[in-house]
Every structure is written in C-alpha cells, then in structure tokens.
Amino acid sequence: MEDLIQVAKKIKDLEIQGARNVAKTAIRSMKDVILNSSATEPDLLLKELLQAKDILFDTRPTEPAMRNSIRYVLYETKEAKGGIGATKEIAVKTCDKILKYFEDAILKIHEIGARKILSGMQIMTHCHSSTVTGILKKANEQGKDIHVICTETRPRLQGHRTAKELVEAGIKVTFVVDSAMRYMMKHLEVDLALIGADAITSEGTIINKIGTRLFALAADERDVPMYCAADTYKFSPETSLGFLEKIEKRNPDEIWKDAPAGLYIENPAFETVPRRYIDGLITEVGVFPPSSIAHQLLQLHPWMFDFKD
Amino acid sequence: MEDLIQVAKKIKDLEIQGARNVAKTAIRSMKDVILNSSATEPDLLLKELLQAKDILFDTRPTEPAMRNSIRYVLYETKEAKGGIGATKEIAVKTCDKILKYFEDAILKIHEIGARKILSGMQIMTHCHSSTVTGILKKANEQGKDIHVICTETRPRLQGHRTAKELVEAGIKVTFVVDSAMRYMMKHLEVDLALIGADAITSEGTIINKIGTRLFALAADERDVPMYCAADTYKFSPETSLGFLEKIEKRNPDEIWKDAPAGLYIENPAFETVPRRYIDGLITEVGVFPPSSIAHQLLQLHPWMFDFKD
Amino acid sequence: MEDLIQVAKKIKDLEIQGARNVAKTAIRSMKDVILNSSATEPDLLLKELLQAKDILFDTRPTEPAMRNSIRYVLYETKEAKGGIGATKEIAVKTCDKILKYFEDAILKIHEIGARKILSGMQIMTHCHSSTVTGILKKANEQGKDIHVICTETRPRLQGHRTAKELVEAGIKVTFVVDSAMRYMMKHLEVDLALIGADAITSEGTIINKIGTRLFALAADERDVPMYCAADTYKFSPETSLGFLEKIEKRNPDEIWKDAPAGLYIENPAFETVPRRYIDGLITEVGVFPPSSIAHQLLQLHPWMFDFKD
Amino acid sequence: MEDLIQVAKKIKDLEIQGARNVAKTAIRSMKDVILNSSATEPDLLLKELLQAKDILFDTRPTEPAMRNSIRYVLYETKEAKGGIGATKEIAVKTCDKILKYFEDAILKIHEIGARKILSGMQIMTHCHSSTVTGILKKANEQGKDIHVICTETRPRLQGHRTAKELVEAGIKVTFVVDSAMRYMMKHLEVDLALIGADAITSEGTIINKIGTRLFALAADERDVPMYCAADTYKFSPETSLGFLEKIEKRNPDEIWKDAPAGLYIENPAFETVPRRYIDGLITEVGVFPPSSIAHQLLQLHPWMFDFKD
Amino acid sequence: MEDLIQVAKKIKDLEIQGARNVAKTAIRSMKDVILNSSATEPDLLLKELLQAKDILFDTRPTEPAMRNSIRYVLYETKEAKGGIGATKEIAVKTCDKILKYFEDAILKIHEIGARKILSGMQIMTHCHSSTVTGILKKANEQGKDIHVICTETRPRLQGHRTAKELVEAGIKVTFVVDSAMRYMMKHLEVDLALIGADAITSEGTIINKIGTRLFALAADERDVPMYCAADTYKFSPETSLGFLEKIEKRNPDEIWKDAPAGLYIENPAFETVPRRYIDGLITEVGVFPPSSIAHQLLQLHPWMFDFKD
Amino acid sequence: MEDLIQVAKKIKDLEIQGARNVAKTAIRSMKDVILNSSATEPDLLLKELLQAKDILFDTRPTEPAMRNSIRYVLYETKEAKGGIGATKEIAVKTCDKILKYFEDAILKIHEIGARKILSGMQIMTHCHSSTVTGILKKANEQGKDIHVICTETRPRLQGHRTAKELVEAGIKVTFVVDSAMRYMMKHLEVDLALIGADAITSEGTIINKIGTRLFALAADERDVPMYCAADTYKFSPETSLGFLEKIEKRNPDEIWKDAPAGLYIENPAFETVPRRYIDGLITEVGVFPPSSIAHQLLQLHPWMFDFKD
C-alpha cells in the first residue's frame, strides 16, 4: 500500500498526467496491492481495495478514467464467487483486462476517427489531446493530405505540444493565438473541428480545456462539424445522479506572475460544451451522438453505475 | 518637410502609437509645414500639403483618424477663397480646430459613455482602448461601484495595460486569459460588453483587435449588450467606395519565438465585427446604431467624402 | 366496482388532482376491485380489471401516470401463471409495488435534483409542480442559500401555491406576472430554469402548463440551463405509435367572466416544449437527455409498450 | 400657473393617461400660461415657461411625447425675434401647431398602417395602444376581413380595453392569457405582430409594456413580421446622450393583494425591445427601420436635440 | 448464380429502383442461390453466399436496405447449428422473413405516420418517397382533409410522380419549383414537413435528395415540425465505424444538355440533414428522435453490427 | 402619344425587359411626347405627361426604376418656372439627365462592386442580373482570378444567361440546380453571395427572384457575406407610405405544361429578403446598409417622395 500512496502523491502533484496514463498507473498500483495482499478472505481483500480506492479517488477532482477503472476492479472483486485464491485471480485479471482495454481502445479510436478525415481537409483543434493527435497522425500515415490548425492554449500552452508532435509527423500545421480561432476557422475554411475530452456527463455534456466552448461557438457560426474523440472511460457516471463535475481553478501565477497588487485573476482550467455543439462522439465502440452515451454505457459497462459503496 | 518625414518614419516604426496620438502628431507636422511654407500662391501650398499627405498616408495601412484629419486640412485649404495669406490662415486654423476636436471629443465620449454605466454593473472589455478606460474611470469618479473583467489579449498582452490603468484608478478588476472570455461572461454575469475600434466602415462594421468577434459571439450567446466607443474620425470613408480595410498581419515571433521549423504561424492583428453585434456606437456626437454612421457623417463631416485628389 | 366508479367520477370532476395523486387513488381502487373480486378464474379477474381500466382511462385525456400504473397491473396479471389465488396475489402485489414506487421515486428525484442546485443560485420556475418544490425544499434543507423566482401562472394562479409553499419553507421567493418572465430571467440573473411535466412523449417532447415554451424561449435567449423534473410514469408510451397528446382546452370563464358578447376566448391548458430546450430530465432513474427516454423505458418498463388489448 | 400645477398633479396621479393625451393637456396648460402671462420682456416669458417645464417634467419618469412638446415650445420661444408681443404670438402658435400635429399625425399613422394590413390576415397585439387599435379599425372600415388576437396584459388587464374596443368596432377578436402568446402565434397562424410604444431610443430600441419582448421572441421564432406604430414624439432625444430610459416599477398590490408575508413581488411596468426585432416603425412620416429614427429626427425635428437649458 | 449476376446488373443500371424494391429483388436472388445450391457443407453454402454478397454490394454505393438484408441472411446462416439441410432451411427462412418484414414494415409506418396527420393540415414534401406518399394516402383514406405541397425536384423531376400519385388518390396538391419552398412554407402556412430517407447514419444524420437540407432550413425558420419516415433497414451500420456515406454525383447532362463549352456543372444527387432538424423518425418500430436510432438498432437488429467478414 | 402607347404595350408583353432597359425606353418615349407636344401652356404639357405616366405605370406591377424616372420628369416639369418653351427645355433636359444617369450609375456600381472582390474568391449568385455580371466581368478584367457559382433559376432558367455571359468573358463558372445552392455554398467554400434587386423598400427589404431568400438562408447558415448590387432607382418610395410591393404570379405553364388535371400550380416570380440578411447595398452612391437607404434617398432624390398627383 505504501507504493500506492507514493503513486497517489505523484498523481496529486501532477507528476503523472494524461487521463489514460493516470488511470493505468493507478491500476498497476491496485494490481500490486492485490498481488502483495496477505488477505485470507475475499472480504478482507475487498476492504484493502476500498482503502486503495479512497486514497486514489482523493488525488484529483476530475479523473473519470481512473475512477471508472478502479470501480471496475472493485465491482468484479465483489461479484467474484469462491475463496480468496479465486477472488485474487479475478481481481488481477480485471486489472490486466483494463490495462489491455486502454491499449486496444486508443487504436480503435484512431482507426475510426481517421475514417472521418478525407484528403484535402483543413482540421482545427484546441489544446492537446493524444487521442486527437493520434487520429490525425493515423490519417497522415494513410497518405491523406491534411492541414491542421491549432491554438496555443494559454496559459499552459499545450498547443506547443500539439504543433510539435504533428510537425514531427510531417503534417502541415498552422499555429495561432487562442483569440484568432474564429478568424482562422473562417479564413482557412476549416472543414472539421476535432477535440478531446476530460470528462463526459450523463447529459452528453463534454468537459474540456477552457476555450473549448468558444471554439464550439466559432464552429457553430460557420456550420463546421465538431467531433469529440474520447474513450468511454471518460464518462462520469456520478453525473447521472445529479453530481456536478468540478471545474478546477488553477494558480493565477500561470497567467500573470508580476500582476499589480489588488488585481483579481481567475484561472479556470476547463469549461463545459453542451451536447448540441457536438456532431458526434468518436469512441472505441463507434461514432454516436453524445445524447446516447449514458444509456449505451448502462448496457456496455453496467459496473460504472454500481454506486453502492 | 524634413520634420514631417521624421514624424512619418516614427509612425511607420510604431514609435508613435494610438489612433488619436498618431493623428495629432501628423496634424502638428502638417501645421509646421504650413507655417514654414514659402509658397506664394494657394496652389503651391496645396501642392506641398498633398505631398505631405502622400508621405503620411504611406506610413500605415489602417489609420482612419490620421487620414481623416489630413483630408480635412486639404479640403478646407482647397475651399479657401483669397490669397496665400488668407489660405495659410485657414489651413492653420483647421489644424488647430482638429487638435481641439480630439480633446473635446474624448471628453464628450467619456461623459456620454459613463451614463450607460450603472452602479453594480459587471463590465467586460477586450484589449486596451483609452476611450473605453476613460469611460470606466469617469463612471468610477462618479462614485459608481463597478467591476471590470478584462482579457490578457495575446500576443501583445495589451490587457496588462488595461488592468494596471483601472486598478490604479481604484476599480475592481478581474483578469483572465482570452479563451476564458465566454466562461467569465457567464459565470461573472457580465452586464455590458464595451470595446473600442480601430476603424469603422460605411456598412457599420467595426474593425478591432483580433478576438473581438469571438467576444461578440460570447456576448450574443448571453444576450449581453455590446457597445463600441470611438470618435467619428475612426470612420473610414473609402469603404463607402467599396475599398476594403486591410487586416495587418504581424510578425510570427510575437507568438512563438522558438517555434519548430516548418510550422506556419499566422498572426492577424485585427478582425471585423458586423453591425448586428453592436447595440450602439458611443461617439462624441451621441449614441446611435452602427448602421447609420455613414449617412450621419455625410452630413456632419462632408469633407470626409471628398475623394477627388 | 361501484367505489371505483365513484373514484373515476372524482377524477373527472377534478376533485382529485396531481398526476401522482390521481394515479395512486386509481391504483388503490384497482386493488379493492381485486380484493373484492369474486372471480373464479384468472380470465374473469382480468376481464374485471379491463373493465376498471376502461372506466378510469375515460376520465381524462392526459394522465400518463395513471394510465401507466393501470397498464402495469394488467400486464402482470396477464403474465401470471397459476390459478385465481396466485393471480390475485400477483395483481395485489403489483398494486402495492406501484404505490411504493411513487413514494420512492419522488424521494430519489428530490435527492438527485437537489444536487443540481448550488448555494447562491437564482432558480426560476413556472406554475406549480410538487416535484420541483420538493427539490427546492430539499436543497434548502441542505443549507443551500437559494432564491426562487416564480410566475403567477394565469388563469388558475398555481404560482400562488408555489410561492406560499416555498415561503413557508423559509426560502427567499420573488413573484412576478407571467409576461415578466424574460425580464426577470435577465435582471435577476437566473442560473437555472426548473419545471415539472404533465407528460413526456417518445420524441422527448415535454407537455406542461401553457407558458412553459415561452419560458423555454426566454431561458434559451440567455443560455440559462433548463431542466425538467418528473418521474418516468409521466412518459406517454402511445406517442411512440404516433398518437398525439391532446391539449386540454378549459372554460373561457377562467380568463374573463364578464367578457363582451362576441369575443372569442381561447384557454389552452398546456403546451409542448421540444427536446432541444431541455438540458436534462431529472427522473428517479437519473439525469439524462430527453431524447433517450423512450429507449431507456423500453428496457426499464417494457410493460409500458404492451399495447395489445 | 396654478392651473398648470393642478394639471401636473393630475398627470402625476395617473388621472390623465395616454402619451398623446398627457402631452396635449400639458401643452394646453402651457398655452394658458402664455396667454395669461404678464411678462413684459421675452426673457421673462421664457423664464415662466422654463418654470412650467420643470413642473411638468417632474410628473413622470417616461413621457417623451410631453417632454418633446414642451421642448418645442421653449425652442421656438427662444428663437423668436422681436418684442414680447411677437414672442407671445410665436409661443401660442407653436402650442397650436403641436396640438394640430397630434391630430394629423394619428390620422396619417392610421392611414399608413392600414395599408400594411391585407384582408384575411391574423394580427396579434399585446396591451392597449390607441395607435394600434386605430390602425385596426381603419383597416376594418376599409372592408378588410381581419382577425385580431390580443392578450389580457396582466396586471392591469389593458387587453380588456383592446378587446372591447375592437369587438365594438365589429372586428373578430380572440382573447388569451399572456402566457399563451406563443401558442396562439403558432396555432392561429398569426401573420403580423403589431404593437405601440411608450418611448423610442436613439439606438432604435422600443420601450413598451412588460411582456412585449416575450412577444417579440415568439414572433421571431415563427418569423412573423413585427411592426411598432408610434408618432415621432415618442422618441426620447436624451438617449442620444447616453441617458437611460427609466423602467417604472409599480405597486406589488396590483399583482397579489393578500400575498404571504415575506414574499418579494416585482412589478416592472415596461421592458425594452431591441431594434432587431422590429421590422418597421409606422410613423406619421412613413415606415422605416428603427435604426434610422434618431438621424431622421435630427433633420425633421432639430429642436428635439436642443439640450442647452 | 448467373441469375443473381443478371439481377446485379439491372440494379447497377438503375433498371431496378427504390430502396425496398432493390432489397427485395436481391433477397429473392439470394434465396434462389440457396435453393439451387449444391453445397454439401454449411461452410460451402456460406462461401457461395459471401460471393453473392460481394456481387450485390458492388452494384451501388448507397443501398443500406439491400446491404442490411444480405447481411442478415449471412448472419443467420453463420449462426445456424446443424448440417447442410438445417442450414439451408434457416437461410431460406431468413430470406422469407426479410421479404415479409418489408411488407409489414411499410404498413406499420403508414399507420403510425397517418396518426401524426390531422384533418386540416398543410403538409409539404420534397422529391418522391413511397413511404411518404403512403402515409399521406392512408391519412386521406381515413377521411382526413389534407393539402399537400410538393416541389418539382430538379433535375429528375421526381415531384411529378409525387404530384400525380396524390392527385390520383384524390388529395389536394399544390406544386411549385424547388426555389419556392420557403415562400410556400410561409404563405401556405405549412404545418408539417415530411420526407423520406435514402440512408440514416449512426449520428442520426439523414441522407436524402439534394435540396432536403434547404427544405430543413426553411422549415426551421418557421418552426415547422419536420419528420422523416423510413424503415429501419435504411440505417447504415458502417457509419458507426466512421465510414462516410458517399454522395453520388450524377451526369451533368441531366441538368443542361447543350451547356456552353468550358462550363462546369455539378450534379450531386443527395445531401445530409443533421439530426437537429428532424423532430422525429417515423419507423416501423415507432416514432423516436434520430439521435437514438443507432443504439435502438444495436438491440433490435444486432446482426447489422456484425462486420466480421 | 401613339408611339408611347406602342412602347407601353411592349413593356406589358415582356418584349422589353430588364429594369434599366424598361426605364430608358419609357423615358425616350416621354421625351418624344415632349418634343412632339403642341401644348401652348406648361399646364397643358404637364397634363399630357400625367397621361403618359398613367399609361406607363399601368404596364407592370413592379418597375420602380421606370416609375422613379417618370416621377422625376414630372417633378422637374412642375417645378419649372417660365413659359412653355422654358418648361419644355427643362422637361427634355431631365429626360436626358436620367438617360445619362443610368449610363453613369451602372459604371460606378461595377467599379465599386469590383473592389469588394478579391482574387481567389468563390462568388455565388442566383438568377441573372446585369449589374451583378457587370461587377464580375469588371473584376475579371482587373486580372482577378475568380470562380463564380450560379444556379439555373427555374422556371425561366435565367441562370443559363448568367453562365453563358460569364463563360464568354473567360470566367470560371460552376452551374447547379437551385436546390443545390446550400450544398455548393458549403462544399465549394463560397466567400461572397452577390445578387441584384427588382425593388428595394423603405424598410430596406430587397425584392428579388423567387429563391433569393432561400439563398440568403443558406448564406446565413455559413456566415457568408451577402451583398445586393442595384442602382438607387430600384428604390420604391411608395413603400414608405405603407404600400406593399406586389409579388407577380406567373403562368403555371412555365412550370409544368402537361400537369395532371386538378393539380394546383403556384408560380410566384419574386420573394422578399429582409434587411438583416444583406451586409451591404452596392449602389452608384456607395456601399451602405439597407436600413439607411430610405433616409439617404430622401436627401439625394427628394423628388422620389413627391406623391402629390
């Protein structure tokens, strides 16, 4: 459990980042906890896992991929029939299944997403999402001639990462300040707006980097189709019970270090994009409207909705 | 004329900035040219002034206030009846009249604009406009309790200047990155969007800092009234003949100094805001809809439409 | 059966009101019919229940909660295997299950709905809905500082009941005429629009008190999120077959008693609100977009779609 | 002057109502003041008139027709050349001219407005405006077969007056509660929305009875053309200087007499309708877009913009 | 198999047309292949059927009804347990089931769709769809007094067929050029817009004749409800994997035979209509929002999503 | 006068077409009437001209250019001081002035309009307007590389004329059916929508070929700027008095010659486009918003508003 505590600290301190990365690291720690557990009864193992869950859930307000992964391990462990040996085996298998799921899901999304991209398209994105850059690189590998426009994404400038990654892949990239997003959407005649997601709610609302809803407004003004690429573990099942996703507020220093005394600085990290702006969610289980995701996952991942403990 | 050439160079090199400042400096140079002229005939003086005009018009693509001021001096000089003495007198008087006009106009706009602001209002602005900050400071001096939200305005960060100026004046100011403009418009319940203008066309289109139209989209989504404060010399009469205002593209270095090789960077300085987004123009001659400005100036400043030379 | 006929009459004459109340009273009568039945065969019992159904369905054009409840009793009775004793037992159990369902559902909706409400919010509602007032009172009990704005809701002034109930609960309430709904939405900076529903169609359309769509237009103009709180028994399964919900037209006297001769008075009681205006349905099974309700209930309450008799 | 003080009191106490009526009564009092004046110098007469102006302006926050009429008398009196006799004559003539203007203007508006109405049209109005009912009666007199839909207009029920007046004129009228305005706009397939105005601003904003903007939203949703009929004296010239029209808040008792203790009741009498909702202003000088009114009146009624005393 | 090759040729050459007709003809050929097959093992039969599938899939880019039908036969054949006899029997039964399904589905859609039509309605359609004309004729047979407005639908003038068919059925029909669709929508006060579909995607996008999205824009401007009537076999399951429906471009000669040399003529046959424009899909399984179709079919027709071979 | 009667007949029978052409032919006839007049008094000449006016006004419902031209001749003739000789001279001079005005105006519009067109633009138009094709040919002559998309414009196929004229001028032209206008606007990434006008009202409404408002809806959906090019004689001054422009309904045969008996065919020739869709009017007096045209012409062409006879 000490290792898990270390890992939790790293997640809290942003040393480990990226939704998938955080989730996988957490699950690897859970697996270690299971393998090293000296529990003699299924219930004792479960108790340990619940403890691990509490530590990991406590690291960050919004990490649906990690939360869903942990919830799945607990669900399968609880459902397991048999003694401690069989239960441990199922718990470990579930960890492995999740780790594999993430590997497979991202590849499927790249494949499905790349089909939406035609040669000659201008595609615009905001911030950095490895799901999005993966799709773009896949389309480029397929020989499609594409042009990507990306914003710098103040204050953390994640757009630098997006631009570098795509330029290195040999893709034509145009880079602009955030406030030029509408101007570019029009003057470069953007054909597709493509973003990632930090979380998705039961109402089909996307939660993504600050500026994404402005991006949606600009796409809407020109009737540019907007898609969100994300694996289904980004879904936040608690929202179906009315719980609200928290919007993280970051340090004002990120925006203006030597600001005048008395100035208020607001630094919200994310904002919500209502479902009406999203033409389709590109997930590992297919492309569909955001309004149907909750219901689809209720069938696909029923354990997501197991809120009992 | 050498002094004027020096002044023109400074305008070109952005050593002199701000629409009103540039116009006043240009007119002061014109006045010197008139006072120092050795012309013995009105026509010869006019020829000198036309030469001065060409030098000054050549400095920047979009400086309607300067252009209108120069055009006014030429118009009155041409219309002057009498010998060289009388003509010179009229030309100098016109220069003085223009310099005085700018002084008076800005005070009137502050007074009129401040009436639009009620105690308790949240007012949002983008970029820096001394016309806008003047209105806000006037309202503050009148004892109105206001809260101003301003954007940093990448890449040149003119929002820093706006924030400093208002904080120094004792106004409550909240500062955000550009991409948070919609988020703040909603979450701080903005009551009024207030911007300046670099130029205004005969169709009532406003030309202002990049990001202003995104700002307009965000205000429109919440039905927040949006006003543009500017003196009438910002009007570009050439647009009535179909000429387009040029959008200055600045150096990519302003955005990303050590960008990866092969990356395209676009740095447009301005963008257009159609008249439907502007509830009212606040000018020294009153508050009115942008659609009526061309016609109003045709009566008020007929010399603006004297395109003959 | 005479008691049931009495009850049906009271429902028809509006002596019994409120969707849940009507449904529960009807089911209690059905239960009495079952308990008092002298039927010796399951088929005879079913015949009696079908007769009861016809009497109750005939009372009002739009009472989906009652209709669904009755339909459920008939469905389970038909499906029952065994003799008259076992069948009666199942029929009675189903009645009890429904009565319990209504109790539980309303509590769950209050709990889920209250999570959507944050301290400091201004919430606006139209007409009276005990589901809505229950959520507001729950949020108030949780110590959240809320301000509710409610409309008078002509001609029957149900807003009086809403206002009284909330003021008694210690909630700050502002009361306005119906035509001020947009003005208040803007000037009191409403954060949330919350309504009940009389019926919900398979297309996700909400049917609610006249004025609700105006309310939706006003919320939409300000981008105020709008939620509808209702239990799933409000769903009208017949609409999936293309049947239209009837809009009840009430007595003109409710509007103007001594109207001049020759004047036409229209008094429609309800109107429809298309799904695009509703951010989410708050139900006992969670919060989700109105577009998914038909499909969700197909799985959750398959008996709703049993139209065979 | 005592008579004028009496008249002013009646205006204040709403014993005299209706914009035109108030203006005409005020001007008749002004005329009496002039006729009975013992002033021996034009300046002394002017002083008396300024005093009268102050008394009358003080009666109500929003009465542009009265204000403009008084302003016109003062303007012409100030401009008069000659002794006290000639000045008095001009002052009296101006009063008479204004009284005649109101007579003529209303007839011209009826004539122009009636041309906009075709036989077979469904026309909807809100509240009561004698300008609007005059147009409708004129069209009816011309033999056009029209159907008028009018709202009751809570809390003062001015719709009763509209309905009675039109029914008496033999026009087919349908009467509804305010919240049914959208429902009727759609279900009775309204062809034209026609309203009056209490005031018009320099931005082309209409100020009219609470509910008018909801009415505009409903008309806009169905693309129903919306016209505002008003004489040009309804224009508020102060708004061109940034002054805001005040929205009168009336007594809560008008809404709910025996409201529960602790309930807040808001009773705003008017609301603003932005120019984009108004297809045309129907005035005595023609039909034109609201955006051009300020500029048109600057030429037509320059005295309106004489703010000097 | 030769017969099937002949049939495939006729489909390719447009000798066989209409989605349902094409599908049924293809399935009849498949049935013949099965009945005449000399395969001695289930696997050999399957191989033959896969070959048939390839031939038929190759005929046209967009024929989801045919593709789904063929896919269903293959799915059931693969799933069959037992020897060649049993397998053949199942394969034949599936063919018969599909042929019957088409018969039943169209009748159900007519019945459900006719319920949406009330006596007195003006209904507008574009192009020709036998599903749509069937609904209209059903409503007419039910004694409903309806008025249908239809467009000519250049370049192939399918509107002629719609008009003739409905006039022959005794329905009142008004016929207009395509560009008058908005004018008629307004001036004939259309109550319902009703169209068919060539294909439906997993995002709920409708693909239909060129001009349908203009039709949707015009309906939206007037808030006229728009429904799409189609059987569920029109759903294109490949779109859930990101595959795009191809838009067929037809021969320029259809538009202008003796066009001047050098002129480019574009003749796209279809266009897409996003789900936000469609109030409801009228299918044989009920009326529901387009956003839920993919998920509904995943349960109803799981074989549609069997992409493995 | 017999010649004028002949000319009037040709105008009525559409032998003479095109607004400018009709106006010029009418004025040439008026000039002949003046030159051949045997009137001995100005009043007698005026009487003859009024007679001519009545004959010409009677030819077509909507020909504002002709009506304005005739009105101008009458106005100047009435205003003339002096005997019959001087009056005749002024009348003839006015005819010549008008004929010259048309020549000059069209050249100015071409010049101004061409400035709005940049090399590389995709420009879309509907129907045929020689004002529009003149602008496009002017831009082409200036060496600008443009691509024009034009619709066929059923039922009279005026698009054929537009296409031929531009192809002959060496311009790249793409031709489509009317219903593909939105599809092309998007897929060819149109930068500018450019249309002519048959008439312009005092509210700034454009009256143009049927389909133009659909075109406006499609441009609006993509935020494509839309301009209308027309000389100011297209303005209909009667509309300022509330008169409505009549929409001509043409022969159904133009649409379908052998239509089935009992079919209603509607063939409206024009439709209205509200001012909000038009970014600017391109006229011989400059580019300005449609909302200001009435007021501008009141100053520029006061005779247009002389309705007295």
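To keep things simple, chains are lettered A, B, C, D, E and F as they appear, and every chain counts its residues starting from 1.
Here, a contact is a pair of C-beta atoms (placed from the backbone, for glycine too) under 8 Å apart; a residue touches a chain by one contact, two chains touch by 3 or more.
Quick caveat, the model's predicted, so the values are computed rather than measured.
Peer 1: Between B-C, A-F or A-E, which shows the same interface as C-E, counting it as a repeat when over half of the contact pairs match?
Peer 2: The chain pair with the recurring interface is A-E.
Peer 1: Averaging over Cα atoms per chain, report the distance between chain A and chain B in Å.
Peer 2: A distance of 44 Å separates the two centres.
Peer 1: Suppose each chain is reduced to the average of its Cα coordinates; what separation in Å results between chain C and chain F?
Peer 2: Taking the average C-alpha coordinate of chain C and of chain F, the gap between them is 58 Å.
Peer 1: What are the residue numbers in chain C that touch two or more other chains?
Peer 2: In chain C, 221, 276, 289, 291-292, 295 touch at least two other chains.
Peer 1: In graph terms, with chains as vertices and touches as edges, which category applies: line, ring, star, complete, or other?
Peer 2: other
Peer 1: Where do chains touch, given as pairs?
Peer 2: According to the stated criterion, the contacting chain pairs are A-B, A-C, A-E, A-F, B-C, B-D, B-F, C-D, C-E, D-E, D-F, E-F.
Peer 1: Going by the contact rule set out above, which residues of chain E touch chain F in the complex?
Peer 2: My answer: residues 126, 151-155, 160, 163-164, 167-168, 172-184, 187, 210-211, 213-214, 217-218, 221, 255-256, 259-268, 271.
Peer 1: Can you check the complex and tell me which residues of chain D touch chain E?
Peer 2: On the chain D side, the touching residues are 186, 189, 221-223.
Peer 1: So in the complex, the part of chain B that touches chain F is made up of which residues?
Peer 2: 202-204, 239-244, 274-276, 289, 291-292, 294-295
Peer 1: Contact residues on chain B for chain D in the complex?
Peer 2: 111-116, 118, 276, 279-280, 282, 286-289, 291-292, 295-296
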